[in-house]
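Paired with chain B in one complex and with chain C in the other, chain A is shared by the two complexes that follow.
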Partner chain A sequence: MSVSPGNKNPRDWKAILTRHEMLLLYVLIAEWLFFYFAGTTINRRGAVVGFGTLDRQFDILRHSCEIGLLALALTPVIITAGIDLSIGSLLGLCAILFGKLWHDGGLPISVAAGLTLVLGALAGGLNATLITALRLPPLIVTLGTYSLFRGLAEAITHGAITYTDFPASFLFVGQERWLGLPTQAWIFFGVALGVGLLVHRTTFGRAFRTIGLAPEGARYAGLPVGRRLALVYVLAGLIAAIAAIIYTARLGQAKADAGTGYELFAITAVVLGGTSIFGGTGTVHGTLLGVAAIAVLKNGLACLPVVMRMNAAEEMSGLLTGALLLVALTASVLPKILSRFRARHHAPAP
Partner chain B sequence: MSPAPLLALRQVVKNYGGVRALRGVNFDLQAGEVHALLGENGAGKSTLIKVITGAHQPNGGTLTLAGQRVANLTPSSARALGIACIYQQPALFPDLTVTENLALRLEATSASSRIDWPARRARAEQLLARLGAEISPDAEVRSLSMPEQQLVEIACALGAGARIVIMDEPTASLTQKEQHLLFAVVRDLRKNGVGVIYISHRLEEIFALADRVTVLRDGQSVGTHAVGDIDEAGLIRLMVGREVAQIYPAAESAPGHAVTLSLRAVGCRASGVHNVSFEVRSGEIFGLGGLVGAGRTELARILFGLTPADSGEITLHGQRLTLRSPQAAVAHGIAYVPEDRRRHGVVLELPIAHNLTMAIHRRFFPTTWLRFGAERALALDFIRDLAVKCAGPDAPGGSLSGGNQQKVSLARWLATEPKLLILDEPTQGVDVGAKSEIHKIIRRLAKEGLAVILISSDLPEVIGMSDRIGVMGGGTLRAILPGGSAPHDVMAAALGTTERGAA
Partner chain C sequence: MKKILLHLCTAGAVLLASLVTATAADSKLVVAMLPKSKGNAYFISCKVGADKAAKELGIQLLFDGPTDSNAAKQNEIVENWITLGVDVIAVAAENKEGISTALRKAQKAGIKVLTFDADAMTDARSFFVNQATPEGIGQGLMDEAARLTNSEGEFAMIVASLTASNQREWQQHIEARLKEKYPKMKLVAVRPCDDLKDKAQSEATALLSANPKLKLIMAICSPGVPGAAEAVKQAGLTGKVKVMGLGLPNENKRYVHAGVTDSIILWNTGDLGYLAIYAGVALAKDELKQGAKTFKAGSLGTFTIAGDNILLGKPFIFNKANIDQFDF
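And now, the complex of A and B:
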């Protein structure tokens, strides 16, 4: 009888060690070790440079936070079998709104940040309303708001204004360390913990999964399908706003093209982390591993002497990220295909 | 006619991992014969069908087609050898016309060939005429009723020159009249020398239609009989391996006097239900009989808030309700075990425990934090209480047989401690053993004071289980009859005047 993986005996170590998240962890470790040995060099003055330095590791973490936050925002969305293409644009819009509230509105940074979070959640609420009240497909709705949010950001700034000169106390969030780690990493980990608990430890997460697997079945079980779906999109908007503030603090400027294309990296990380694009299955720790695997690959490549000589880090990382995703997806369906193949070609016993 | 049977299986064995689904099945089918296949769910019928249609390879035994031994049967070679299977749910393309569906099945694909529309249409017309079906070849399949779609499937089989036609519970969703039409088609196939393997849980159909019957139990064929040589009790004995003394458990208590649910002139234009009035008392089993399409499921959907009523009054324990969503219905203590358990009743991918607590999230997890230990304990209680056969609370719903899925679906709603339980076709597609267990559970619930509405297309079940029977037709309640009424009376009420008026 076929039993879906993960539902077997939870103490089955073989099953645990060959789970998607574990496979991804092995890949991540292998990746890291490779770059550690191939991407670390000693320069003319005898100092260690490249991948193997602590500074570089912190850099990787710093650069992963925004896409990581968007991936966290997308995980519950994709578990409900939905999608949100608008969060990269929303990051840009929120960055602009934040800059405008502070710079033109004269609000204190903290109030501007708080208002930005509210506006982010409201923008998520727009997606939620269109999806749940009008029953439009999430792909189309968020494709629309993808353009809408970016367009608004550009309209507000006339495509020219960039807000800069933020106070040092704010830049601390994006450029300094707190308790040994880049400051924004603490926010990132906090959000990860929150989303992880929501998805794995509460009835909300249970409802997300049920909706992703059987939307009609969830309705027949009396689950508030519309309200739960609305929650994931509002939450996605809120987290995109957090990412926008961190982005602004890291670069010290807010501009309309912030976060362009981030939604695709985030979707890649989520799917690489084992969340099914068809809904129902997926974990937050898987998403974190997916984010890490992509970040290490991207930064590690930039440290390889051969890539540096060719000056092709961007191209290589795009190519390899795509390849990694396809390999991971293939690996996750391979056992099923193999067993089907075996069943087909299994000769009957004499 | 050749003396060799059309199809002969000898000692067929099929294992799935460690599970022995078939452990030595003998079966043969003559040309021009209707051979019924009978067995509890999990007895191996589906597996046997998969072996015959080439979907699965047996691990042992032989399969002989018209005297020739066949090895390594695949779905396409089975089709080429004239084996066709008609499933309960027709697998047609709903947006294409009948002609196009037939063409897709029957025409070899080739990129360059011109499409000969007149020939396609003529063939469709001719095949449908052979079945005596009054279906337009230009109709979109979406617009056809379930039995009409089945006829199209049969037309496909005929068009492909099938010599062996397998029918898997073809009457599960048909009305009585449609059943008779289908039977006529099957008899016609038999007359034309086609061998029919007929699978059904309804014994009376087997006696009406089949020439021989083979019973499967635990993956083995336990006997093949001519239908004239065996009676219902004998078949049930073969299926369950024991004597079933009484089919329906007797009521142990009379219904109470307190009115639980009262409907006054309830209607909903969107679902075609109008002017329905009745009362259900605590401890009463109120049966809802009638033909498919009479409006019974539609009424249940109104009571569960899925399609809210737009006229009339619904009161529960004297309190007037407006039921605008399933959540509202659940909050008021109304539970609905839906007809389509695979789509609505059980989430197949989720563990049994998750399925069980699905409707009681708010009460069982008041802080919204999941309590895994308590949930498992609750699941174990229900598994024991309802005798659910499963590997444990973590086993996914899809790993269970139909009857056990139904028990999980039922348990989910019992966990809500409802005041009113609506059961929609609770024993459809469920094997005899599980069926009688479900009947006992329903009786026990009524005895405990629950008001039960039992919707069933199985006439003996409605009559045998209900204290009173509401008979529906054309979207309204036609009559309320006492339990144990003659089947003829119920049927007559269900057909009512509309049937005559329409004719």
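And now, the complex of A and C:
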């Protein structure tokens, strides 16, 4: 994977330019340009509307923060060859807990938010304990907590209560701009930087990859596998709680169905970003590109006049996101297949 | 390889060009309609009326909504429409407070906002197309009950619960109408069914054995009507004791065709969609303003406006003759 900076022969450049993340970047740029030209129009009142407006770009950013955060949470998890299906449900549970602490508990917003983060981390800790102490497969454990967390959220609210009427100072986080960007984008970028440094610049990150490739090997090499795994799941819980608070601020409401299905979008973004679902490899910038590619596709489609006339933005985006994922995965194994093909044809005659 | 790439590029460019020209031709007024969920047969039947209105008015209608009843999705769709610069947004709110933040943003962007079927916060929209007032429902139910019994004899009611506020309100209007217009009719019992069909059936069976002179059962919650019908059918009293009430056509079709249930009362959902589109377009053209007392909507005629509620008016009666035209 690594390219030594001193060595500048053309082969290495080619390797960099055809890396998965770079390919994804080309796709993203192509998507963006396509929607910019095809999805921007002038409306009846003479205003430029559609994809090519700054408002739309900010909307894309705002709408992708929560799924983006969950994808960031999942990247280290998947690198360790694990999975966390519970984070979408945890987002819902945290949103409800946050609303309850503030509304029924009478706590100030900041204290309620702080407590919610702690509770999110604890919920992640529950996953971590079951996975590391009992050595249960992450898929099964988080499938259980997926239902458990959502069930708790529904039980607390009886499926009916919705917390609303949050103060404007709190809604600022989800609905206004700060220093030119949507406020929550700063939080998102902050978390991205944090997770990026953790995965790429610390020994923890190296441990995650080692565990993902060979957990037994890592154990024999003296790595504290249990503690490293616990860290990624607790971190996932914490980030899900952050996403819950941003979600609540964006919509101005906390309801038990918050974040339903988000875990699948997040997993799609991570895998699209080049992280192997079998663990061992993956990058945070790849995940960010994956999130962006999906968000631009989804938002861009809704701007296309053809799609608008069919009233099928939702269906089309689901369909094309799936297609994009399959194409990306195919493209990433294509060079390998091509080289095998070439090797066979250029093999010297016996 | 290069050749393929070149072909792909030209294909892309052609596609792009066709899309751009396609948009340039559109300069119609754009009305965007947001149901609670777009797969719901109830809202699909609203769309039928909305489509008709859009055709008559020569506007472009966007009809999009969550595939399930999802409040967060509703907000995202509204925000999408804001940057698309539509002229009017008509919403059936899944969550009153939640949707209102997005609707206020739309108003700030100069988009006319109205609600139908389920209202948002009053400051987040200009008008609410109200499908049924408690008074209209109460009077409609009582009048139909009187018609079925020739305005005389005993009848009983099945309600969802004795405390639910909408049920209480409807019941009061029914009783007021009874007192005022039908002195020969007598309400002998009011039983709760907890919004359950089974409970409604057992309550109705009990009512039938306790009141041998009963001529009609009126259920004012939707599971109540098929529940009461099942009880009447099993007691072998089909035709002798009439069943009617508030409900959805689909769950009652079977009983209506079997002659157990006589009529179902609700509003005409197609008309609701039609009226919402007409009102939206009138708002955008500045023909409908705050304080107006009436509003004329195409072929449906004139509607009353009470405050900022445009009233759809009298409830609609579904019976053997027309129930098959509705699918929700």
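Just so we're on the same page, the second predicted complex is superposed on the first by the 330 of 350 C-alpha atoms of A that agree within 3 Å, B and C clash if a C-alpha of one lies under 4 Å from a C-alpha of the other, contacts with A are read in each partner's own complex, and residues count from 1 in each chain.
By our rule, a contact is a pair of C-beta atoms (placed from the backbone, for glycine too) under 8 Å apart; a residue touches a chain by one contact, two chains touch by 3 or more.
Computed from a predicted structure; not experimentally measured.
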First (chain B), second (chain C), both or neither touched by A:I29: neither
Mind working out whether A:V118 is in touch with chain B, chain C, both or neither, as first, second, both or neither? neither
Taking the superposition as given, does A:E216 touch the first partner, chain B, the second, chain C, both, or neither? first
May I ask you to decide whether A:L17 touches chain B, chain C, both, or neither, giving the answer as first, second, both or neither? neither
Looking at the overlay, what does A:I277 touch: chain B (first), chain C (second), both, or neither? neither
Between chain B and chain C, whom does A:Q175 touch in the aligned arrangement: first, second, both, or neither? second
Intersection of chain A interface sets (partners chain B, chain C): none
Chain A-facing residues of chain B, complex: 13, 16-17, 19, 56-61, 71-72, 74, 306, 325-327, 329-330, 336, 338, 343-351, 354, 358-359, 361-362, 365, 368-370, 394-396, 398-399, 412
In the complex with chain C, residue positions of chain A that touch it: 34, 37-38, 41, 43-45, 47, 49-50, 53, 55-56, 59, 63, 162, 164-165, 171, 175, 247, 250-253, 255, 257-258, 260, 299, 302-306, 308-309, 311, 313-315
Inside the complex, what are the residues of chain A that reach chain B? 1-4, 7-10, 201-207, 209-210, 213-214, 216-224, 280-281, 343-344, 346-349
What residues on chain C touch chain A, complex-wise? 12, 16, 19-20, 22-24, 26-30, 38, 60, 62-64, 66-67, 70-73, 75-76, 79-80, 82-87, 95, 97-98, 100-101, 105, 110
